[in-house]
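Some structures to go through are shown next.
In what follows, chain A forms one complex with chain B and a second complex with chain C.
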Partner chain A sequence: MIFQLAWRNVLRNARRSLITIAAIAIGLAALLFLWGFNDGVHNSMMRNLQQAIIGSVQIHADGYFRHPKLSRDLPDVQRVEDLLIKLGVQQYTRRIRTFALAAGDDNSEGLVLLGVDPVREVRVTNLHTKVSRGRFVSPGDGNTCVLGATTARNLGLTLGDDLVLLAADRFGALAADRFTLVGIVESGEMGIDRGLVVVPLASLDAMLGMQGRMTDIIVQSPPDKLEALTAALKQGLNGQGDAHAYEILRWYDMYPMMKQWVDLENAFYYIFLGVVLLIVAAGVMNTVLMSTLERMHEFGIMLALGCGGWRLAALVGLESVLLGLAGSALGLVVGLSLVGIFHHLGIDLSSQMDSITRFYINPVIHPEIDTDHLLITLASVLLAALLASLVPAWRAARLQPVEAIHHV
Partner chain B sequence: MALIEAVDIRKRYRSGEVEAQALNGVSLSVQAGAFTALAGPSGSGKTTLLNIIGTLDRPESGTLTVAGRDVLSLSAAERAAFRLSHIGFVFQAYNLIRVLTARENVAYVQQLQGVSAAERNAVADRLLAEVGLDGMGDRRPDQLSGGQQQRIAVARALATSPDIVLADEPTANLDSHTGESLMQLMQQLNETRGTTFLISSHDPLVLAHARQVVHLRDGLVQEDASA
Partner chain C sequence: MFDLSIYLKLGWRNLWLHPLRTGLTVAALALGIAALTFLSAMNDGWLQQIRTNFALTMTGHLQIHASGFQQTLKLARHIKDPAQVMQALDGLAGIHSVTSRLRVSGLASVAGANAGALVYGVEADKERHLSRLAGFVTQGRWLLDSDDRAVVLGDGLADRLQVALGDKVVLMAALDNGDIASEVFRVRGLLHSGVLDIDDLAAVVPLGRAQQWLDMGQGVTDIVVRADDFEQVTGLVDQLRQRLHAGDGSQSAAADSSGYEVMSWSEIDPMAEQWSAFADAYTWIVLAVVILVVLAEVLNTMLMSMHERSREFGLMGALGVRDSQMFFMVIWETVILVSVGSVLGFMTGGWAVWHFGKVGIDLSQFAVAFSFMYMSPVIHPLLAFDSLLGILGAAILGAVVAGLFPAWKAARLDPAAAMREV
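And now, the complex of A and B:
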């Protein structure tokens, strides 16, 4: 009956309750939409970063990431790949990575030299989709290469030109070979457009005398499975006697700045969330306090009949929670609908930023909301409604029956 | 032993600089099963005494035993529990909870006791029938007349089978016919159920029905007369 009583009390002044419910709903819907926009930007940034080139997880020989030498190749590539298959991972590829000096007709430049398996690479990263001129390296290619647009311009190269790459081979001796430029990548990312040359894995293997050895295995993983996959890889590769033969690095272990930036932005959003919650709480408290003051006489009667003060406080709290629940339900529907509609339509910011991706941000934002942000926001709104009832509930709990009965 | 034993009860009210002595050493004894009226003009202390006996208020001094309990030594929570088990209230202005139906109003006190919904609704329906409101359980207070609302208040007061029902000016808002009908009902319930009634009123109608009349004046018992 306490639930019935609370609900009917909420409906007692329907207009006031509706205004409060609407205020909660608008606050929650706005928060959800903003989270959706925020998460849409962040998630696409993180996806773009991982899909562009680095993957979600990289597996190297221990110490390779900080000191990338070809002599630190993966101890057992087959073992790593068998484990990945066993773990149900389908998107992974092998690479050889080193540094090279690239010499064009007019100029030379230091680059990251990446040997990729043309068949597997396109299943794991989307670098091939960023080729603006020419094509990506293909199976059966000989000495072909793909350059970033800025590097190609700096070196004065166009499609079909030859590029000489010089790099230390596996034994530290200088190796050099000539590669034909077949594609130019324009991704909008400085680290790709400038400073990267991609060649077929087999060609680089031959040039550097790797004899099938690899330096990197790149894995793509859905965000929600990343931590479990990393833990399983660490356990599977480093957990049995050969401790720390491999390093298993998540994307943010290698490039922490983006995650830190996302965390910082999220922190700002939490501050904003707090401000909105304060407004919501003030609205709910106003309604519940007004409603409490109006019913002092009735509360006095209930106390006289034997209702304890804390039971009365619980009733006031429940009324507040009901307002919060109704507002949250409405806000949830409106907020998620907005996120869904704009996820489908996209929010085109190309006039503000450019028509291509910059800093891994897509020019068209597709809002999406992370489950944890959804739940935290929802729980916070409900908690704010509950906290807002504390003062009125406390007052109700401390009422003296006689004074309350005579309250007009 | 008397159901209510009040000895030398004193109570002052202070309003700003003004202090008023509401009860000036009242002693009162009410036996179980009594049908007693507290009579006296406005300001004589009837309601104050009723509130103190009902554990809604506390005196400055004196001793008070209700149903064998020293109620002045109880904490606020204990007093609430005591009221719930031992005392029923009927107020001048009916004071039903207006968002609840007649049945729910009567059942409310049993809900506070943790009685199951089925049981308390059955008790409420039976009591409503007993006070002449059979079939009106689903009506809200604003759909009922003053007399009907006061009957619901009586049914509510009896729902927990209390030792005593305290009624404060129960006929004050009723016309004489309805008031007479209500008094007959309370008298009948007193006789059939054995519930003690202590009724504060200056309505001659109430005094005519009472078997014991305690006259208060200026916070003192002037006369304690039994019919």
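And now, the complex of A and C:
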């Protein structure tokens, strides 16, 4: 009965209902769009970071990440790769990583020296797509290398030049070898353009006397499977009593900076959203209060006809619930459409940034929305709309019939 | 021209006739403006914080090098006569402090481990006044002017080398002529700045010892200036370039190395500048959406109140009030509402900015305690003048839209239909 009455009231005054619904819908749609923008930036940042070079998960011998020594190589590469295949992982590759000194004409530079499998590497990371001059190391290469643009400039090297690399071999003795520069990487990221040299795995193996031993296994995984994969790897490699021979590190265990950055910016965003939510709630309260004001006469007559104060309050509350639901549904549709449309079009901020990407951010942002942000926002808007209607309902319950009827 | 004073009076009385309605509309406006003021101040505070932290952590507001040093980082391009530069700095207004440094990339090694390092030769006491480096020391102590072979290491570097306080570290670097020179230092302190490039690479030693070790005489590579505030930087850079006949650091490595380059913090590392430009664009989009929400809510409230008053307008129309007069009356009401709402909004927002500017907004419970990218998790909102103008603009736009549309609707009402409306 009350429900029917509420439903009819909502329909009867279409304009008033529409204004309230619009208030809620605009607020929700705006919030969803903002989340889409925010999540779009963050997710692409995290994806780019993982795909650039470090991968989603790295597997080393225990302690290697903090204190990389070649004698701490992976105990059993085959076992790790078998496990990865068993877990259905397709994107993985092996590397040797160490520290080297590159000697230029009149200066030298400390570099991270990476030996990569040319065939598998290109399936796991997209470093090869950042080569601006020359080419990436390829299968069948002898002693070739790829350098970051800044390092190449600092060392005064161009394509075809020879580069002498000095590094400690597996036994701690100093090894030196000559590599021909075949490619220059320009990514815009300081950690890559400066301080990195990539060579074929086989050449580095020979130079450092590794005899097939590896230091890193790099795995690429979609974000939603990351935690499960890490747990499975830990279980599979360290779970069988052989006391932590491996360390399994997610990207943010190794480089926590970006994850913390995302967390911080989300916190910043929650404050923003809290304020927007307040505005939306105030807007809803305003429209509902305004409409109770407008309907004083009507309420007075209802009370005079014997409808109790609390039933009237329930009626006003129920109307708000209906409006809230309708507004949320509309806002959800509009907001998600906006996210979808801009996801396709992209929002171009390149005029605000240099042409070079930095911090793994693309200057063209493609909004996307995380499910938990979607749900939290939807729930808060609904809740805010309902809370905002409590005041008008409470006012309606306390009306005096005669006064209300006389209200202008 | 008809007499408008009666409609001025009428509009004023209308507002008082329905205090609740008027109050609600003013509140909607005030809340919107307060929210915009606060959010934009939060953003400005954040950006300011990034810039300040960047400049004060290490870089300073501006640096003077020998021409071409920043690009090549070669010791050969050093300032042979620092006294000449100091002379040029004399008498310039807006300078907080000045110090000299010797910066070279090298190798740090202990028995069994070595790692790349950025060696900074610093004037211990002056450095303490200029940058925050001394304040980042977490173990041991900062350098003293009396120190000789002492080194303060970034904690990341120390961990990589597995050294602790009191241990010996050998630092190696290439000289002008290509020879490698090495020197032994004893670890006196460890620092943690939150900036990866410093924590993982920095080895800070006394300037005098570094000059001897690297055979530099009185030469230094950087003369670092901290200005009183950011507003001074452009002026200082221009004046110094004139006094020293210096370039801006963009000359190619081949340029003659006898001159100087004067570079501001944003030229030394475009990162902080670009980052704040990006963060600005980012928040601008967010603010634009918030402005839209505020506008929509204000418009809603106004429309609702117009809707409620249809009967009243109908009656006025039936009594012979002309459309233009009605339009004028509603606009007048809106002007009053918007003015009061804006003043209240700016006051509330301003208070919030002032309050949180003092206290700070602590986000560390959301994100782990950290400081990186020159950010700290406590934000101090700061109202920039530009942003204030922007908000004022948005408020006026809001007033125009929120006032014109309902006024136009009110003026167009058909009296008979309006009066019939419940």
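A few remarks follow.
One rule holds for everything that comes next: the second predicted complex is superposed on the first by the 345 of 408 C-alpha atoms of A that agree within 3 Å, B and C clash if a C-alpha of one lies under 4 Å from a C-alpha of the other, contacts with A are read in each partner's own complex, and residues count from 1 in each chain.
Operating definition for what follows: a contact is a pair of C-beta atoms (placed from the backbone, for glycine too) under 8 Å apart; a residue touches a chain by one contact, two chains touch by 3 or more.
In this text the structure is predicted, and so the values were computed from the model without any measurement.
By the touch criterion defined above, A:Leu289 lies against chain C but remains apart from chain B after alignment on the C-alpha atoms of chain A.
Judged by the number of chain A residues each one touches, C leads among chain B and chain C.
Judged by the touch definition given at the top, the superposed model places A:Thr158 against neither chain B nor chain C. Once the two complexes are overlaid on the shared chain, A:Gln235 sits clear of chain B and of chain C alike. When both complexes are overlaid on chain A, the residue A:Ser132 reaches neither chain B nor chain C. Once chain A of one complex is fitted onto chain A of the other, the partner contacts of A:Ser337 are absent, as it touches neither chain B nor chain C. With both structures placed on the common chain, the touch criterion links A:Arg311 to chain B but leaves chain C unconnected.
By the touch criterion defined above, A:Asn9 lies against chain B but remains apart from chain C after alignment on the C-alpha atoms of chain A. Common to the chain B-facing and chain C-facing surfaces of chain A are residues 298.
By the touch criterion stated above, chain C contacts chain A in their complex at residues 18, 20-21, 24-25, 27-28, 31-32, 35, 38-39, 42, 46, 72-74, 76, 105, 107, 112-117, 159-160, 162, 174, 178, 196, 270-271, 274-275, 277-278, 280-282, 285-286, 289-290, 292-294, 296-297, 300-301, 303-305, 307-308, 361, 363, 366-368, 370, 372-373, 375, 377, 379, 422. Residue ranges on chain B touching chain A, taken from their complex, read 51, 54, 56-57, 76-77, 80-81, 83-85, 87, 89, 91, 95, 97-100, 104, 107-109, 111-112, 117, 156, 160. The residues of chain A lying in touch with chain C in their complex are 15-16, 19-20, 22-23, 26-27, 30, 33-34, 37, 41, 66-67, 69, 99, 101, 106-111, 154, 172, 190, 195, 256-257, 260-261, 263-264, 266-268, 270-272, 275-276, 278-280, 282-283, 286-287, 289-291, 293-294, 298, 347, 349, 352-354, 358-359, 361.
The residues of chain A lying in touch with chain B in their complex are 1-2, 4-5, 8-9, 11-12, 297-298, 301-309, 311, 401-402, 405.
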